[in-house]
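Two complexes are shown next, each including subunit A; its partner changes from subunit B in the first to subunit C in the second.
== the complex of A and B ==
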């Protein structure tokens, strides 16, 4: 601690905002390129491009204001709070570095939805290209960068789309805290996402990358400078996963309000908790693999080059050791959302709370033991194939538990059919198909035919889009009234649900068939016999995109053009986040709430309200 | 915990669901058993895969129907009918039902795993278990499953951007541009790559094997029907990945194969000196970067 007498009044006088960040990032990029050209190996620009992206990102973050606090502490300047939640309530706080978890949630929401628009446009271009079997609309040289961009962009989005907006906004509200454990880390986990998206998009300037999201070397070592975007962009997402994971864990463990015992924790928080464990442990593996790839590409190490003693199996193992927990990073918060929302609209307690939590942990634990099922035909360790087949199939047991808990909650319920409830039921249908098709892929004999075909592509779109994105929609219709202060139109919501549900199934179910009929992934040219099927899928995909546009319209309309504010608790839900006023006060709770009952105690005679919001006398803390 | 007991209020629902489920599942199972599953029956391995697909689909059908029925049934019968909000019965869980659910799913899963492992270790699909995954160096092509009278033919599949070639070490290392296999004769495929990862996919034969540089990836196949098959790459390998297709693979009878291979050997003689001798894998270009 610096003694007050020595604290200087000097401060950094640069205005901290994203514009400053961009103004610093652009020269930073060129300095990086210049240094890379100076010291890098002569025959490629990869060193310069990677350094450029890293410099640009660091300077962008500095411009946004991330270095103020450490610099001020270092030099003994007066420490300026970046944003005090009591002041700075204007619209401008959404465009600056803010340490308020509610602001970060909204920042995340808008950023991710914009990214989703671009990812979706990528999907439409891919489907348009597949209207013809001969790559005459999009030549292979454009098609492969397109699928690379679509896939990696979507992976960025789906890694963060629930934890980012809803996790950051709601976890403190749900556990009765005033903030996250590490607000600066929380802000960092958001502010690396826009640079990651921009860097990824910048790969277009270099002709993109032709490796898909898996980035298998040696192909990714052959690839041009577009590949460097993949490395740095994905690396930044790894940073986001680690920072958000450690922060969520610390918050949920450490900042729960008095009385918020582990058995009163809302299921959504359990979903975030388990996914954070996976993110914290899996993302460093990805970062290590990306580092090796960067070294291979820049300073000619040969981690992945068999001709020089390396092995491409190293990448495949590291990538999927990250990659398979990664897909559960997508789906665990979605499970949490389903088990969270269904009791409130079934008006029944969650049927088997502890069993549901065990299910989440079962999925999280097993996800570490399955990664080689992506490598059944790769030639790695054939004797281990039965083990990975068994471990993969075992995941259907905890996943089945999630279904059991949800269906048990619906049993003899008084279901209130709201739009979030519709999306929950849609999730159950889609994820059922996604899960069952996963068993087909986990079985080695059938995987020989299905691996790398449209069957696996349809499978993971069923789990990610049909699962995670449907859960996201349920969450959006359910929680946005609290977050934006406006109800989304339920009429448009119903149209949106049915359009999306039908169009989604009509798009992806035929692709199982395409895979069974010998259509490999990632090709612009295919068997002309499948042209009818592909055209059907493309038309359906347009409708699917239109349904998402309908959602965007509903969101924008309700947010900015509806003047009637949402009720504080429009769903008459018991859980804590609905007991605070809308808009949520700057400090969430006047006093630390004391939790006295579970969030799902519907129909229980003499059930108490979930919390005593009057708080403990004299309690402070959390602030 | 107590004995397993069905509550009075549950009975009509359970009865209705059970009857509809049994009827729909029976129809569904009979239906999916009629389908002719890919990759059909050109090879013994392909036929095994097709029958596994059929088994999986037959098992998945009742599960799928059960869950969808529960969802739809809840949406119809457990919908709130009153205008104002009412709470449902406060059921907190039912241990016997939960145990039963987990037990049934565990039995299904373990059954599938046992069937899968049995298929893997059966003699037909010896490509997967018990076969050496890769033999590095020496060019030895071991497999414990060959009989004296039915000796396996060895074929090396060499992938490169963007086509496959095939070498027959049993026939002097002759290299061809199309894959010909004799019918009813076990074949040991040695898949390798000259540059990056490819994947050798002979759809009709039910074979998919990644081609890794510096690795000899061994798969087995026994064609049982003559006819053509398609070979294509199924691992993204760059610009012309989609064009890495050859539809002129042929399963032929033994005499046609002998004629064909003799012709190939004759053609090969003229270029044999330019082609490296047979090896488990090759590094044509030193992929040393920047040297």
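== the complex of A and C ==
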């Protein structure tokens, strides 16, 4: 018989915080570079840079405290149990590894806002360079790296901007759970994001990368070391998507309170559920593709080199097999937000709850069958075009269902025009334009004409910024009072909405016209005849940026100058997260709540409160 | 002790442990679903590049698969690792059989990693010899990397079998882990068929 190993009470004694992480990451990078130089089979620099980033990330995570658990296990020491959420309400908990989903939500929010600032500055630099048609402000050699940095940073952000802050903070509250299923995974999904952003930004030191967010070979194979930042940074985001997906899905499947049946699940949770399925299954394909690209760049394999048995179409297929579900990873939580918020302010039950859920799943399912529409102009087999054209057009049906559910809820409602509601209505307007222009682009002849033009660029900005970011703003004005305990100024909020709505449409609608006039995207120069149009767009973009600054100003003004405490339920909403006190207690609920009614039973006489909370803040009735 | 309120049992310590076990089981299956997509990307690369045979360079310079026999040895070791641990994990973690079989599985696991690692350094073809060498290297490296981490986790399970060890205190996660090993072994079978027999 093998004698059982004795379990030691020893602990790792390194102080775990981000400072330790950074102090370990810096030498870790140089160790990785050294090892890459030592063992690099082909291009020492690429091997070294990639290994350097990987070592730096692992050691950063070790410094933050992520390796304690696996190392304790491997050394046979007593494993530190997951402790109760931190009762310490001090600000310090936001600057260290926390396993409290509410702290992680706030950590995500702040990080994403900082990244959004950098991505937005990148957009302003792009628009500034387009004030003139001859690339005299930004040389062509710098323009593409600028596009690449802006696009990938924004993709990082939009992958996590709703699921990260709001999903992590709210899902347990909305389903009646006292924690997440896997707090360590949840924390990991956050703590890989800052290294991903730093590594991506470090590409500037290597001259950036010229491929945009799609990373097409052979350009990505030939690019300098900036491309290595793309590979490792995007790889870390893939890790975040998988870990977040496992955690969210397991939480929603396994931790729903008694009585929280699938048909009582809030629509926001359905949005997170469907997007988590996509993230969980799509991101591994990206990880595999990035691994292939890294091997091509380091040990000279030839996955994507046609001259040596590879194919650049392999990348295009793998990338878009991830990339098209990815755009629905952005938008499904936004749909969830809209269908969640609208009934609360329409003061009506959600019209067609089950239909709305079917719509979300319809979008999620169809998103796997459309990726080749990105290859319409890349030499796709002609016989495949009709199928992918049809499958892409079909997506408009479940999307239309979601619109129908929302509009049906608004029909004959006495709408309470709060700031979150304004952003919801803005979303509907913008996404309608984005969606309809998408139907045009799904059509092969139109796509062949417009694919490389600003029409396509305007389309996806209407869906992502006009859709997801407007939904984000709706969520921020709606839920931040619960998350931060402070109300945001509604006056500044209204000014922010109108400024952002007008500036957004003034910026991006003319770009449809620019596209129809054949202005190519990703090119630093353009026809001088379009200079007036471009200047209009650039000035509008400055106003759009200013509207975002106004939002930041509202946060600072409301939190630090006015500091008006938020009521537990300022919107008189029925859903569960509003039935707990503000600030939310460490364990969310005094005891596991028992759900007895749905969250959208507004205007129904004698509607039951949503849950039996056992003496916490009173639950809202039919209202 | 459970407290009865509003007609529902509030979870006590036992219920929390059962809940934790269920979450780990659900999480394991979700993780494996993600893994299927990861390896499917490699299989897609295999079939895609093999079918295209661009520039007649699927197997340039007559690059032939490494020894089928040696590959079979690695595969059998991986299967033994998974099977041994699976049988052990069906027993109580306090049982003699579990304590016997998990270290044996660990030895098989370490052997798998060493044998596969040795093969990776002695492929018999260059990495630049076309599509097949690329796919072989990438697919095998991806599998080996995961097998190394899985074996390390298996080692931690063995080391946590003391009276207050995590394996003893949280029995059912150790049982769920068996599915990860079985899954990787199954992936190994598919990879073997593709890389040694179909290629």
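Brief remarks on what is shown
FYI, the second predicted complex is superposed on the first by the 591 of 623 C-alpha atoms of A that agree within 3 Å, B and C clash if a C-alpha of one lies under 4 Å from a C-alpha of the other, contacts with A are read in each partner's own complex, and residues count from 1 in each chain.
Going forward, a residue touches a chain if its C-beta (ideal position, glycine included) is under 8 Å from a C-beta of that chain, and two chains touch if they have at least 3 such contacts.
What you see is a predicted model, and the numbers here were worked out from it, not measured in a lab.
Of the two partners, subunit B and subunit C, it is B that touches more residues of subunit A. When both complexes are overlaid on chain A, the residue A:261 reaches neither subunit B nor subunit C. Of the two partner chains, subunit C is the only one touched by A:287; subunit B is not. In the superposed model, A:74 lies in contact with subunit C only, and not with subunit B. Of the two partner chains placed around the shared chain by superposition, subunit B and subunit C are both touched by A:311. Of the two partner chains placed by superposition, only subunit B is touched by A:439; subunit C is not. By the touch criterion stated above, A:346 is placed in contact with subunit B alone, subunit C being left untouched.
Contact with subunit C, but none with subunit B, is seen for A:612 once the two complexes are overlaid on the shared chain. When the shared chain is aligned, subunit C comes close enough to touch A:253, but subunit B does not. When the shared chain is aligned, subunit B and subunit C each come close enough to touch A:300. Comparing the two complexes, residues 41, 300, 306-308, 311, 313 of subunit A contact subunit B in one case and subunit C in the other. Those residues of subunit A lying in contact with subunit C across their complex are 1-2, 4-7, 41, 70, 73-76, 78-79, 181-182, 185, 242, 245-247, 249-250, 253-255, 258, 280-285, 287-289, 291-292, 295-296, 299-303, 306-311, 313-314, 317-318, 321, 591-592, 594, 612, 614. Those residues of subunit C that touch subunit A in the complex are listed here as 3, 5-8, 10-11, 19, 22-23, 26-27, 30-31, 33-35, 37-42, 44-45, 48-49, 52-55, 57-60, 96, 99-100, 103, 127-128, 130-135, 137-138, 141-142, 152-153, 155-166.
Only residues 41-44, 135, 140-141, 144, 210-212, 214, 216-219, 221-222, 300, 305-308, 311-313, 346-349, 351-355, 377-383, 385-386, 389-390, 393-394, 396-397, 400-401, 403-404, 407-408, 410-417, 425, 428-429, 432-433, 436, 439-440, 443-446, 448-449, 451-453, 516-518, 520-526, 572, 601-605 of subunit A touch subunit B when the two sit together in their complex. Those residues of subunit B that touch subunit A in the shared complex are 9-10, 13, 37-39, 45-46, 48-49, 52-53, 56, 60, 63-64, 67-68, 70-71, 74-75, 78-80, 82, 85-94, 97-98, 101-102, 105-106, 108-109, 112-113, 116-117, 119-120, 125, 128-134, 191, 195-197, 199, 201, 203, 206-210, 212-215, 217-218, 230, 232-243, 283, 286-291.
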